[in-house]
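Some structures to go through are shown next.
Next, two complexes with subunit A in common: one pairs it with subunit B, the other with subunit C.
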Partner chain A sequence: MPPAILLKLRKFLKPDGDKNVIRIRRRRKLLGAFWTNLPLLIIALLAVGYLWMIAIPLPMLGQRTYIDENALQPGQVHTYWDWGDVHRADRYLEALEQLRDRNASSFEIADYIALEFRRAGLSADVQGFTLTSASKSRSGANAYAILSSPRASGTEAMVISASWLSRTGEGDGTLNLRGVSTVLSLAWFLKGYSLWAKDLIFVVTDGYLDGMQAWITAYHGVSQRNLQAEPLSLTSGVIWTALNVDYPGHSFSHVGVFFEGLDGRLPNQDLLNSFQRISTYTGGVPVLAYDHKDDWDGLNFPEWAPDAIKNNHQVKEYAHRARNVVRHVGYQARGRASGVHGLLHQFRIDAITLFAVPATGPHGFHAIGRVIESTLRTMNNLLERLHASFFFFLLVRPTTFMKIGSYLPSAILIGVALLFSGLREWVNAGWVLIADEAPAKSEKSGEPVPRGKWARRRRPVIRAIAIMAATHALGAIVFYLLSSAWYLNDATFAPLLAFSLPALLPLSAMLLPSEAPDHRAPLAIVLKSLNLCLTSTVISILSVLNFSLAAVMALVVGVPLYSASSSTSTRTRLLRYAAHDFLAFGWIVLLRGEVVQAVTNWELLGVWFAPFVCIVYAPLVLQSALVCILPSDSETTR
Partner chain B sequence: MRLTLKHLLCLCLGIVASAALSEEFNEELDLRPLPDGKVAAWFSFSTLLKGATPRDTKTLGAEDESQLYTLFPLALGQILREYAVTELHLTLNAGKWNYDRWGYPDESGVGTGAELWAWMGENGPVSVDSRWRGLRNALAGLFCASLGSLDEQRTTSPVLTFQPEGFLPNRTASYQLRHATLPSEHVCTENLTPFLKLLPCKSLSGIASLLNPHMLLDADWHGLGVHVRYVEGAGVELRLASQAVLDPVRISREKRRDWSFSALFDRRIEQACPVARSSVIRVWLPQNETYAIIPSPTAMDSTYATYVVSEVEKPLDVAIRWPEEQNFEYPTAIKPQTHISVHRTLQGASQHAGRLALSVTNNHDTELQAGYLETLPWLLQFYLHTLHAEIDGVRRDDLVKLISYTPPLPHVQPALLQAIVTLPPKRTMQLTMDVVKPFLAYTEHPPDAQRGWDLPPAVFVPFASQNGSQAGSYPQQSAVCSTRMYTPVLLVDLATPDFSMPYNVIIMSCTLIALIFGMVFNLLTRRFVVVRVDEKAP
Partner chain C sequence: MDFTVTFPALVAGRLVLAFTPLTQYLRDDHLLSSPLTSYARLQEGVYLFKHGIDPYSGSTFRHSPLLLSLFSTIAPLNEITAPLLWTASDALAAWSLVHIWRARQNSTSTSRDSLIVALYLLNPYTFLPSLGLSTSSFENALCLLSLMLACRKQASAAILTFAILVQLSLSSILLLLPLLLLLISNPTSQLASPHFLKADVWRILPLAGRFAAYSLLLSGAATLVCGNFSWLGNTWGASLTLPDLTPNPGLWWYFFTEMFDHFRAFFLMVFSVHLLIYVVPFCIKFQHDSLYACFLLLGVLSIFKAYPTLSDPGLFLSMLSLFPETFPYLHHPIVTALLHLHAALLLPLFHYLWLTQGTGNANFFYASTLVFGMANGSALLDSIWAGMRLALGEVQEGYEVMQE
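Let's look at the complex of A and B:
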């Protein structure tokens, strides 16, 4: 005889009776519990998602970077760059400063640089280009040279580039003279060795990003409507890796790594890690993520905060990491390149920018030359493209990163919450409770199972989809307006006019009559259901293409879309509509600088951020605004 | 007593051998300074089997006549007889020949990697293709090169571009050409050592003693060539050639372009090769410059100095100095050294389509024509109807005359395109054709590191058009005809699965299949019945 507790357990697990009936009953019970707790589950998913995002910079998370590709062998070579080469770089710097002082034109500068490449014994040429955007037109010239490596077949190549303008201030006019001098001196120096297995391409591009765009698209034979670039007379093989040198100051204390490319593309992490090892151990130069120095104090606590918190190591570490993550998201979400290297990722080239962080010392040409020489030797070792290490990562510190699995769920969880809530609305739209009698209604609050009869009703899906399509079309019109010269030239009235279109046009939805709820579900519920499902899909797909953009979108739209609902009071409806509409299109008025920048990036570099915001993000939020303003019936809300 | 007997025996054998076939060995070295400070070296070692003829294909089934050679390498002779090869050309090159700066090479076969072509007679008991396969494998063994992989997927027969350099004996009805290239072949010491073994003096004496692997394989460009041809009335000629472009500026500490044997090769000629009938070194002299050449040559004129190795004082260390130059200044503009310049690129960054673009520039004042040969492995399939020519942005398809086209057969044979292009003076023609990149079966990916697939070079043969005469800027350019020009090789990126994670792929696909199978099986075997459920819980 087994003990009583076991019998009880067995009875609970295997009750008597028809086992099919028991199974069906158990399933119904589970579904019922799931349905009643669904709102709680959605809120929990949202909360965990948001908390996860906040937790990403926590000091206990993340892991140390490592070299995955065995062929790289970073820092294992003796470097030959010495003071003679530094002297040559200094001489080039003097010549470039003279060119700067007499306001030489782009072509004069490019001719000079190409001549110096030729004097180094390389084949060099100048590429002219003209760029026409909606607002302005600009011409420039790039100089480039190809070192055909001895004995190599020239099927693969590495690029060493410098742009005329530094990335400081996103090309606001700070010159990258020392970067260009470094490239010129390197050309002389690297020619003296026969150990290169790949061709070396030296490129000095005009402007900040435009010069490189002209050069790299011409190299790959891609034509662009608004860019007239001369074809390149000298070409080499397939480019695998590239280093972009940015050295704007007189001296530098640290080298910062910039790696974000257009549309959120990232280079293989092995390139960053190899450079980090080489710079630290061969060059003796500490490496930073971006230009974020370690002596930064952190959160800028108010005076009255207790010292225990202000001086807490963990809190400071969190602040440092959060700063890197925010910077990263800022570049990646907007699809912006953090340097000239970012234009190369679209052609499967792993590229980074080495940014010599301006300081009074102690490093100069000697250190940067050695570091680049050794990094090129490491890249020279590659037998195949960089593929071993991570392409998806969050670099929270120069030597600490997070794998995709540790940050991706944050956005996905919010997407799942929106999906659940959308499906819940879908069920709500399809069923209506027809009450039997009055007393049962009052009992409803006490009883878990409401009395009455559930009846099917029709969902106006076609109309909801038509409205959604209309909002996306409206978004496309707004995008067309924003990318026209009219908006770009007029800073005062154009934004207001452009905003008024998507703000006022949807108000016509108020004119729609409210309908009898018994036969047909209110449009607002179906629209909300489809809107939430679409948003969830967009977030999930986006999270593996461009995590930062997906995370920002989840962060911004998660709660507003979830909580959107109509109301009986017209005033509430209007207020809610105004808030949602402002979230959808308010940036047209408030963030004009951002808009102009994003549209320029779209026209020149093909960055998808501007069309995405106009045609995907804003219409989704606008649909939610429509949910608020569409007439509802109190009967329909359960 | 025994010694004298042995000597006698050797003498007898020597007489017998020389009575059967008399042989002649000549060696030659050409050194040519190039405009960009480099030096082109051309070694040529030719052995002539007097009175010999290539083996008749009809005798292939029968026992071959015995082969007795004194100077001719037996290892190669056996291969030539075994497969009845009438004419054979094998080149193994490393680097990219820069026609614009270095001009025409002394030896025209400068395509990167390995290239093998042979003319063989038909109508024997053994087919040409099976002999071609045997020849590839035998040469692969002899030269330690991956010539065995020059299979049917790489073999073509471009008869217009690769005409025989000697004569084809007129006894069989017809001859066939087989040609294949392997651009990814890396040429190094393991190829040079068997090459040197074929020389009668190895690298011990004579000009061949300069072939020092340490310096030769460090050159900017180096190549080896084996050329066998039949010269009517003379015999079978074997020419072993080696070319290199050396960079004295890179080697010198002071960045001067002065060179000498000891600087370029780290060797001097200590003694002449005793069996060589002639052994000549020719140095092309710089024009319109102040220079010094030591030691004094045997003969000299305005273009070159000649040294006869057996006559000059040994050890011989020829050197040219530019005493007025502190260090070498690279010329800022070098005029293209050849009649035409060709650039070939593969455009487009996607993994399924692209565009092959060639720009062909006529550097001359007269109209030129050029034969154009493209052998594309089926990894890149181009559409003939997309082949277009443009000059200055104007469509000029009339300037391209197609001669023959063999379409590619996926997994079987490469495409072959032969055309003649007409180049107006001082103009650049843009030739483009759209290509698609096929999807490979996973067994077709090589087991090596995945760097992409090499595309063999295209070949251009410039020749003067009927109405235009021409004058070469270089002395040896007078014979433009039949000088083949090779474009650099290209790398093709095909869609490649991530082979580094086969287990992840296997595990994930197996899980998916198991799940789908489970669901389908469940639905298929389940019996559906009506169950009455009482609303009230018991």
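Let's look at the complex of A and C:
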């Protein structure tokens, strides 16, 4: 006789009775429990997703950065850049300042730079280009030079670039004269060494982003409709890595790394990490993420916050990390490049911008030259493309990062919550409770409990899909309007007109008659179900491509889409519709500057943010606005 | 809408698309054409053949010698003829699908004709490979044509078409048994009333003999075309020995890139034999409706065959429209649809991350092929369930159907 507990266990696992009956009972119980707890589960998933997003900058999370590719060997070389090279950079700076002072044209500057490259003994050339956008047209010239590798066949190359305008204020006119001087002096200096295993390409581009776009597309033979760029007379091999030097001030205290590229592309983390090690230990220059200095003033704590919080180390650390994450999301979600390097990622080039954060001291040409020399030596060691380290990461501090697995679930969980609630609506749409004549009184509370028979009903799927397709088509029309010269030139009426189209047209849905929900589910429920499923798919898929955009989208649409529902009162319906519609298209009126910027980025650089917002995001929210305004069924359905 | 209007309109629309420059971008897509069906490889083979070099002496050309002889003689391939030929093959496939439906309904014209044509011609899984000039479109057309002829009881034509199909793609041989059963039974829907096969099973033997004869004849012709037997290893052999590991949406390639060489032969055998085990159970279980068995086997092929393209699941999904009587009994159509939506977006995305942008790796794409496999598996399992559940009809309240 086995012990009683075993018997009990066996009875629990293998109860007596008909096997199938037990299975049916067990399945019903499970499904019943799942169904009754589903709303709770959805809310829990949403809450965990949002909390996870808030938790990303927590000081206890994240891990130290490390070098993954053994070939890199950062900081293991003696550097030869000395005061003579610094002096040459100073002379170049004087010459460039003269050019600036006499307001020299792009072509004069490019000719001068190309001449100096030639004097250094390199083959150099000037590339002219003309950009035409809906609002204006602009010409410019890039200068570039190629130092052929003395030790290899020139199938691979590294790029050292500087743009004429600094990234300060996103190219607001601050000149990058010292960056250009550094590149010119480096050209002389690097020519003197025979250890290069890859071609070195020196590029000084005109303007902020446009010059590099002209140069890099011409280098890869890509033609662009609104960009007439001269073909390059000198070419080299495949570009693996690139450093962009941005040194706008007189001196600098820190070097900031900028790494976000177009459409949220990131370079391999090994490049950032090697540069960080080299700058800290070879150059003696501390490295920042972006231009966020470590002082506590930059955190902008409100005045009224108690000192205990302001001075708490953990809170400060959280605030620092949050600041970096928000900056990163700002670039990545909008698909913007945080510097000129960002244009190179689309051609599979790992590139970063070294930004010399302006300060009164203590560093200058000497430090930046040594750091770049050593970083180039490290990149020179590569035997294959950078691949070992991370391509998907969140750099929360200069030496701390988060792996994809530690931040991705936040957006995915919200996506899953939307998926579950979409599936719940789908089941709701398929069933209707046909009530008995007299509702029975519940024994305990005495309230009437709806009783009746559950019956299947048809779901108007085709109609819902047609409506969804129509909203996406409407989004495409809005995108066409926004990218026309008409919107770009007229700042007052055009936004209102462009907004009124998607705001008023869907109101026609109010005219649809309310139907008896016994045989066919109300359109609103089916539309909501499909809308939630599609949104969830978009969020999950997008999170791998551009996490920031997916996270922002999940953050913005999660609760509104989940809670959208129709109502019996026309006023409530209209109010809900207005709120959702404003969430979908309100930015046309409120954020005109952002819209113009996004459209320009689409036209010149091919950034997908503007079309994505118009054709994917806004229509999805518009569908939920339609859910709010479509007639609801008057009878109680679950 | 009237079939005589919609069919030409849809075909014309497809023809216009086929002549757009868009097709250039689709030709070398790994999802749309496998090494066995790629247009570029076909052109290469035809070029070598015309210049007197045996195209099978290398390892790039793996198309059947029948295609080689066709395209090097009567139908030269160029930018004008190719879109026409591929559109014609799609039109033939859609036309066959409609006639299978009509045979199944035992009527000459129904209101669903237009819908069925649209579901084939507008299915992105079928029209994208066709725009990319993948020869898998021909395989789909031949498969539907032979099923249609079998439904119409034109035994010789059906078996000859099927023999040509097997020449192009060896794995289609799985359909032989249900196709022969279809020839001796009724194409109309019998799912609601299962019964034992009424005809004498042994009647398929002479038909099988005829298939063997046609196949021998075609193989002989193929051997004559190339002058030796090297085509055998490069065409049929390829789907058994998997010499080319170019990524595709199927489940074989990644498995065999990871495989140690000494296990390779064993697992090739396992993967190939695994396909065979479905044939007899499906034919027995659905002996009352062999067309349904063919449909299910196409679903199995779309998941597990060696070099699938999107055309294969596309054919399966488009054929789903032939069996509307099963729709009310599908367990989880929305889950299947969502899986397909996810897979259809993930496949090109992860392919891009791995091979264009370089930030992902092969595991990414493999993961998306697994999602795709799950989507197809979910569609297949649900179709099997619905096909069998249909026979029980509506159950009364208080009763439940269980699978033991």
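Everything that follows uses one rule, which is that the second predicted complex is superposed on the first by the 603 of 638 C-alpha atoms of A that agree within 3 Å, B and C clash if a C-alpha of one lies under 4 Å from a C-alpha of the other, contacts with A are read in each partner's own complex, and residues count from 1 in each chain.
The rule is short, and it goes like this: a contact is a pair of C-beta atoms (placed from the backbone, for glycine too) under 8 Å apart; a residue touches a chain by one contact, two chains touch by 3 or more.
Everything numeric here is computed off the predicted structure, so don't read it as measured data.
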Contacts of A:F582 with subunit B and subunit C, given as first, second, both or neither: neither
Touching partner for A:S194 - first (subunit B), second (subunit C), both, neither: first
Which of subunit B and subunit C A:T235 touches, first, second, both or neither: first
Contacts of A:F301 with subunit B and subunit C, given as first, second, both or neither: neither
Partner chain(s) touched by A:R385 [first = subunit B, second = subunit C, both, neither]: both
Touched partner set for A:R348, first subunit B, second subunit C, both or neither: both
Touched partner set for A:N20, first subunit B, second subunit C, both or neither: both
Comparison of subunit B and subunit C by subunit A residues contacted: B
Partner chain(s) touched by A:W486 [first = subunit B, second = subunit C, both, neither]: neither
First, second, both or neither for A:F107, with subunit B first and subunit C second: neither
Subunit A residues contacted in one complex by subunit B, in the other by subunit C: 20, 24, 348, 385, 387
Residue ranges of subunit B in contact with subunit A within the complex: 36-37, 94-96, 98, 100-101, 112-113, 183-184, 217-222, 247, 249-250, 329-333, 343, 345, 347-349, 355, 357, 359, 448-452, 454, 488-491, 493, 498, 500, 529, 531-534, 537-538
List of subunit C residues in touch with subunit A within their complex: 334-335, 338, 341-342, 345-346, 349-350, 353, 356-360, 397, 400, 402, 404
Subunit C-facing residues of subunit A, complex: 20, 23-24, 265-266, 348, 385, 387, 391-392, 419, 423, 426, 453, 533-534, 537, 540-541, 544-545
Subunit B contact footprint on subunit A (complex, rising order): 17-18, 20-21, 24-25, 28, 115, 118-121, 123, 148, 150-156, 191-194, 220-222, 231, 233-235, 237-238, 346-348, 383-385, 387-388
